[in-house]
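This is the structure, below, for whatever I ask next.
As written, the chain order gives the labels A, B, C, D and E, with residue 1 at the start of each chain.
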Amino acid sequence: MALWEIIVPVSLVLTIAPILDGMGRKVKAKVQMRQGPPILQTWYDLTSLLSMEPILPTDGLSFRLAPYVALASAVAAATVLPYGGLSPLRFSGDFFVFLYVVAMVSIAYIVAGFSLPNTYTNAGANREMMMVLSIEPVLGVAIGILAINSHSLCLSYMPLHLHASPSIFLAIGLLAYAVYVEGGFVPFDAAEAETEILEGTLCEYSGRLLGVFKWALMVKRFVLLWLLGSFIVLPLTKGFPGWAVFLLQLTAVLAIYFAVVTVEAHNARLRIDQAIRMNTKVFLASLVVLLIASLGW
Amino acid sequence: MGVTLRYPFVSIEAPPEYRGVPHIDPELCIGCGACVNACPPDALMRIDDLKNGTREIVLDIGRCIRCARCEEVCPTGAVKMTGRFEVASLDRRDHVEVVRLRLVRCEACGEYTDYTERQVVKALQILPEEEYDAEEIKAYSRICRRCRRKLSALGAIEASRRFAP
Amino acid sequence: MRSVWVFHLDTGACNGCEIELFDALTPYYDAERFGVKLVGSPRHAHAVLATGPLTRQSYHAAKEVIKAMPPKPRIIIAIGTCACSGGIFYNGYPIHRRPEDGRKGSEYPRRGGIDELVRDLRDEGEPVGPVMYIPGCPPRPEEILYGIALLLGLVEKRVRPEEHEAAGLEVGRPPIDERLRLTLRERLRHVIGHFDADRVLEDFMGLVSRAKDEEELHRLVEDYRSRKDERLGACMELIETEYLRWKRGGGERS
Amino acid sequence: MSLTENLMIMVMGLYGASVLAVVPLRRSYGRALRIGHAITFLASLSLLAFTVEAWLRGPLSFSWFGVPFHVDGLSLILCLVLSILGMATSLYSPSYMEVYERLGRGWLYVVLYSTFMASMVLVVTVSNMLWFLFFWEAMTLSSYLLIVWEADEESVRRAGWRYFVTMHLASTLPLLLAAGIMYSEAGSLDFSVLASSHLGLSPLLYLLFLIGFGSKAGVFPLHFWLPDAHPAAPSNVSALLSGVMIKVAVYGLIRSTCFILKPSEPFGFAVALVGTVTLTIGTLYALRQTDAKRLLAYHSVGQMGYIWLGVGVGIFFIAKGGSWAAFGVMAMAAGLFHLVNHALFKGLLFLSAGSVLYRTGTRDLNRLGGLGRLMPVTALFTFVAAMSIAGVPPLNGFMSKWLIYQSTFLSRSGWFVLFGVFALFISAATLASFIKFYTAQFEGSRGEAVGDIREVPAGMLAGKGLLTSLCVLFGVLPGLVLPLLTDPGSAVTGVSVRIGSVWSANVIPTTGAGASHFNPLLFVLVLVVLTAAALAALPLKKSSRRGRIWTTGEPVPSADYGLRAMHYYGPFEHHIDWLYRTGSRVADGCGRTVAAASAAYIRLCRALSDACSSVGRAVSRAGAGYERHAGEEFLDEAIVSPIVDIIKGSASVLEDVLSNQRLMTVIALAFLTAVVVILLAGGV
Amino acid sequence: MIEGADEKHVREVCERFGERIKRVERIAQNQWLLLVDKNDVREVVSYVINRKDWGETQLSTMVGTDERPIRGRFSIIYWLSLNGGEGDVFIGVKAYLREEDLSYPSVTPEHPGASWYEREVHDLLGIEPEDHPDLRRLVLPDDWPYGVYPLRKDFDYTDSPRREFTEEDKYPYRKPPEGTVVHPLGPYHVALDEPGHFRLFVRGEEIVDVDYRLFYQHRGIEKIAERRLTYDQVNFIAERICGICGSSHAVAYAQAIETAGGIEVPERAAYIRTVMLEIERLHSHILNLGLACHDAGFDTAFMHAFRIREPVMWLAERLTGNRKTYGMVLVGGARRDFLDYRKGLIEKTLKRLKEEFREWVDSTLSTGTFVKRCEGVGVLSYRDAKRWSSVGPWARASGRNIDVRRDHPYAAYRDLDFKVPVYREGDVLARCMVRAEEVFESIWIIEQALDQMPGGDILADYREIPARKEALGYVEAPRGEDVHYVMTGDENTLYRWRVRASTYNNFPSLPDALRGNTIADAPLIIASMDPCYSCTERLQVVDVNTGRVTVVKEEELVRGCCRWE
């Protein structure tokens, strides 16, 4: 494993994630019949934030470090994903490592949110935790079916060894749902609800720290989408050259993101209890899928 | 299908009915101060400098609520609501419009009066000439209130002398 | 600067500016084009959009807001006449004014609004960035966009202080007698409102100066009535009648 | 005698020495504790030496005074845990026990502590069922006495009594029955004899073991005693109870069902199922708690579920055999790894809760807050422990959970995958709970119970520091302990699993070919480097301006601003309210059963005591001044008054020392049980 | 029977109280003033308001006046109205208070809706309602000294006295109930467009109780108007009470003066006013619906609502010269006429609006997530709506069948046909539905008004307005009933102006709607009330004693120049 194999995907996600966000804003603007910001707007915002000196509500270390940990975790999660033929840090069972490292972004978000005596940040943290709690079983079932089907828990191995079956399509559907929820897209953005709790944890962040945190959250969304995209693209492109697979993955992620944004634009935000109820319903449905899968279909 | 206007990258005009920023036409303003009296937020001010004999009609469009009362009351049509609205600035001084007029100097005592040269001209224009002696009025118009009162008093004394032998 | 995150700071406004502010963010105006984004916490903001005349009750909270912002750039965008100078409410008893500014003065530019807070903050040693004044009551969304674009350096400043010496004694003389004009103007104000009255009157004066005699004037007026709006036509008729009555009554004896 | 055996003697000797050393120090509380724990620390250290030595030498058997011992990998795992926790608590306790100075009896505490530790060491090394039960009972008894240390609290007495009765009814009794059955079939109770006598796979035996060890381990639905008992004890004892004692039950389970009996698929499945239910219910209950130690106790239940899940899957696949045998070995190793890890982080968490209690006098999370600034080191240690139990990489909890997930998700069985899904979900719930645990104590504004306090003394920090560093070490270098953990499985199946190097942790033999081993250290490096890079590239100036907390403009007193522990996760808890309702119904049912059973138990004991009352009364006349405290724990007295009287009569030296009536009764009970056991043994 | 009680309801009141009603005066077509002793105020008011068979009785406004310069006493008037088809009646219950003893029995224990009114006169005039459950400061800023009453005639308006305060004695907020913490909402919260501080006492997400501090926008215009503004200028400040429903205030003010002064408004002007009021309602309702979507995180619907609304703004701009503060109203009529092309513009805009808005409503209501957020949320029961005297869509969604346009017709509404949508659910969804239906009704009203618009002048020629005349002006603003009370003064100037905006009556009932919901719902519930804090915090009361000359007419100019002493 050469160093560049890590550096390339890392810089890739760091660069593309904000652009993707910019594209999302553009798409949303189009749905809303307006011109919208330039595609690079999120980058402009980010650079502007990163160059700003923050104002800190506390000296607490967890508050200060959380954004960096979040960013590092999100980026680290990217290193176990497959990019075309390249998967920088592949190993058996890396799916769970991926999952937990992605969860670390949430953990940083939550701990930072609870690190202040502020009901806004606390509510954000609280909701994020409940969201994670309620979506985890769905995610688990999706992974379980994929594992049953592919006999592996290695991210770069699993997609290539899936056998077509009804349950696998449903499993990818579940995965998509889980990614959607985990990504905090409307209507599941209760944790960062701006009009309710002022972006939750981020309410108290400013300047550079805010920039880093926002970046982390964007990267997290991106890696989640990339995960989903890989599970869709890789099984269909066995034998393709690596660069082609990579381009297809990129296209798939873009397509998924556009779909996600369109869904986002046509929904109101669910209250956290409604979101939990919805996730539970999906979980119960997913148990049926698991049953189907364990029957070998 | 977006509906977003290209403004400000293209210039646009406000509709003709729009009550934009008011503007005082210095050619028409007679300095009567009707607008100052009518202005609800005191965006218009009349500042007399009796030393130098000038009157300033000051319009601060940063205070103006654009109700068009000044336009409504202006007897000469000097104050007009324009279609202009692009008046943002980092410097509040940019928002001030000053029209400086000359006050009439009293021919009797040499002090400045509290009305302008142009007010006199305008008043004479309106005056139904057939009912007044234009020349007398013209003469009186250049004398300040105090002197006028004095003149009247003197005139009264004169008259009483005449009628009371 | 390509990104301005703004926090809305209402210091006692009447809501008009707020609504226009919202309008500026919506499809027709879409301030997001310039990277403007309304944020929920002052911590995120590059700028505050201040509206309102700065009431005493909101003064303390507004101070908290600006102090909660990152020290740089802390731009203040004063939207609306109230925020620029206190507006129509400028010297009410619950309006915050610095003691030295008084409440009656005739200084200009007129004082009041967010400026009072900015100066207080600067006295306390808090860094505060530039203040962009966007007057209007309320400003049109275009005006707000213009102000922001000006801040971003996308457009030129179009306003400058104007100072005129009105030295001449020529005050203009309309084609009809000035006294008649003023009387007609007041009458028309009751019929059709001052805005249209001025225009009708102007039109009429145009016709008078074009017409050589009464017949031609009548023809022109008829022509005007047939072309124009019913209400305007009625007014024109009224003016003509009044004009002729006045004229025949010997108004122009001189 | 080998070095190993000598080390074992040294351990026992040191525990004995600690007892002897403190008995003369009856009047000096502090010194008794310091000296006693200094010796127990050495004992734990020798235990560690013994563990290492024995591991290097391989299994060995020996016998002392006719008691047979056998030390193999499985025993050593527990010995390892015991030695580490022993060291930590020995360092921690002298300072911590100041909290209980008003109760006096420092020497007695040391005696009980040493007995407790020694009994556990003996339980996991002895190789005869009867002696196993004897030490088992000694462990129960000494732990009971430690639990009711604060016996002047009504709630503590109640919790202790509940624990004691449950243990006798649901643990000792089934195990005794099982021993009886086995003896009737094999004619001996030596483990080696039992193992070689090919006992039939009687479901009854499995069931008895399941109940007997399950109730000790606190698995659902026999967990009800645990959330009361663990918080009742002093925190250092809680750490041992949660950290080690309930693990001894896992040892017993594996020892009995894999080594003595044969691993069985249905049994494995049952264990995994029980584990899953336990982890789900225990943790979801923990989610709701706002009492620090109660929360931790419920998590002990939950985490026990993880261990049982891993072990159960292990037993299932070991029984399945064939190509799955290696998988089973790893699954069991996963469970055992979690056992070790849980001992570390749960011990640490209890010690942390104790530290907070030590300084603030409360464990009500609602009344705490803002301690991070005041007790930074404790905060850090607690954070590590909390993240570790929540399974956050790169800490040890993650590694064992990672293994448990693999052993369930890769099992290709819908059921086990479902178990895994629950494990995954509950991992999130654990996280939620521990974020609450950590943030409610150490972050936010100062709670109402927090005064001007400072960090706890160095001794306490040292104890916690030891555990903290091991939490990190085992997370980053799981290869250090994995060979030991796979040993029991290998021993049963004869299949040895290649662990790879000490750096890596690929332990699940999968079909996922081509994937390299997981190298946690490398991954941690990546994480650290990325964080460092982010910090370096976008540094945070120390001089950044400070602002007030944003209250949306209107000042709010910070004491009223911010959620209290009880407010965390309200909607979610509301959503799973049905579970809590059902759970409490079940717990109530169990409680009622226990109440009924204890009534019967009391009647039995009373009959027993009536039988020997004549003897008792005769002797009791010699013991003067025994006062009955009618109305308080009357049953104890009814049962044991004869024996009490015996003690009174025969050992007048102890009289002024053992002035606490309830303690008397308890010690008497110990004798009673011991007598029963010895009688049985004699009969054998 | 007392003389003057020539109406069924008034007669009944008089018969019930007999001698205790000292005087009855019919001050306008539909307005009666009953003079009682201050100790009888509570009884009379609660009798009227709690008469079950009188349907939707309502405390419309309450005025306290410093009448010392005229009568040497303070006065209070409770204005009650009958609604919902019971008759076009306003009953004022008036009592005088001596300066030495400004206390009187509070009405609040009998009718909670009186709470704010009484707190306000307590703040501004120093009148003491006895047994009032909560006499904390309502209107004045926290740093205002105690015992200084700005509305008294002897208070100099150039004063702005201060007191030093610390954060602790800033305002006596209630302590959070056991087991709750404070979730402050505002003054600067993104979901509140205007400052206002809500102290939600929450148990996690759940709102257990609410305390609030409003009046961040109190601008104290009464004193400004008293000293600085002339009589006609008041129209413009009335318009700036509220940027959204300013026209309603201007019309209400003008109508009050017209009623007091007996000025006949030209019919055409009444129609123009009607059309402008309805246009204002259109933009206001669509705006509110959009903001509700925004608060629920449904940005697309928010954007589309504003897109659909924008042509209405353009229309207003072309009709009046400004998008918001129309400046269309003067006492006696209107300021701009509707020319033919302007009518055409209206028709064109409305046609487009009707289509687009119907589409918008359909698509928004078919968005499951949005409906989920609105349904059953923030329920205000009919009982609560009634006991707080709530008005407008907020009350209509809770089953109160009240609408000033129908119950007390003004302007041209008597000639027009329209429905009053009433829902019984009382939740956010019901409020949205009421507003959506009212949008269609408004379009229909404008269409009729344009068809029927008569000719003639748009501004009445009037001379003097008699002094000491009292009257009410009332308008159904987008948010409900606006009531303006005026008392004319000498020389054609006002003595007292009391504005009661619709939100003023709705606000106190908000805690009832908030309790039991979650903090996620709070912004949505608040938005669904469509609060207008600036209205509420308006200009309290405007007294115009000393006016300068209104318009310098040409005659005056001539006089100025030509009249020598």
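As a working rule, a contact is a pair of C-beta atoms (placed from the backbone, for glycine too) under 8 Å apart; a residue touches a chain by one contact, two chains touch by 3 or more.
The structure presented is a predicted model; accordingly, all values stated were derived computationally and were not measured.
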item: Chains touching both chain D and chain E, listed by label; value: A, C
item: Longest centre-to-centre distance from chain E, chain (CA-based); value: D
item: Top chain pair, ranked by number of contacting C-beta pairs; value: A-D
item: Innermost chain, where centres are averages of C-alpha coordinates; value: A
item: Chain located farthest away, centre of chain C as origin (C-alpha); value: D
item: Whole-Å separation of chain centres (CA-atom averages), chain A against chain D; value: 37
item: Inter-chain centre distance, chain A versus chain B - centres from mean C-alpha coordinates, in Å; value: 68
item: Chain B-chain E separation of Cα centroids, rounded to whole Å; value: 38
item: Chain centre separation (chain B, chain D; CA means) in Å; value: 94
item: Of all residues in chain D, the ones touching two or more other chains; value: 545, 547-548, 550-555, 561-563, 567-571
item: Shared-contact residues (touching 2 or more other chains) in chain B; value: 2-4, 14, 17, 40, 42, 65-68, 72, 75, 122, 126
item: Shared-contact residues (touching 2 or more other chains) in chain A; value: 29, 32-36, 53-55, 57, 119-120, 123, 126, 194-195, 198, 203-204, 272-273
item: Every chain pair meeting the contact rule; value: A-B, A-C, A-D, A-E, B-C, B-E, C-D, C-E, D-E
item: Chain B to chain C touching residues, read off their complex; value: 2-5, 7-9, 12, 14, 17, 21, 24, 26-31, 40-43, 45, 47, 58, 60-68, 71-72, 75-77, 84-90, 92-102, 117-118, 121-122, 125-126, 128-130
item: Complex interface listing, chain B residues touching chain E; value: 3, 14-15, 17-19, 32-34, 37-38, 40, 42, 65-69, 72-73, 75, 81, 115, 119-120, 122-123, 126-127, 132, 137, 140-141, 145, 148-149, 152
item: Complex contacts: residues of chain E adjacent to chain C; value: 140-144, 150, 155, 157-160, 162, 187-190, 193-195, 197, 215-221, 223-224, 228, 236-237, 240-244, 246, 287, 291, 302-304, 306-307, 310, 313, 317, 321-325, 333-341, 455, 457-461, 532-535, 537, 553-554
item: Footprint of chain C on chain A - complex, ascending; value: 25, 29, 32-38, 41, 44-45, 48, 52-55, 57, 194-195, 198-199, 202-207, 210
item: Chain A residues within the chain E interface of the complex; value: 28, 31-34, 119-120, 123, 126, 186-187, 189-190, 193-198, 265-274
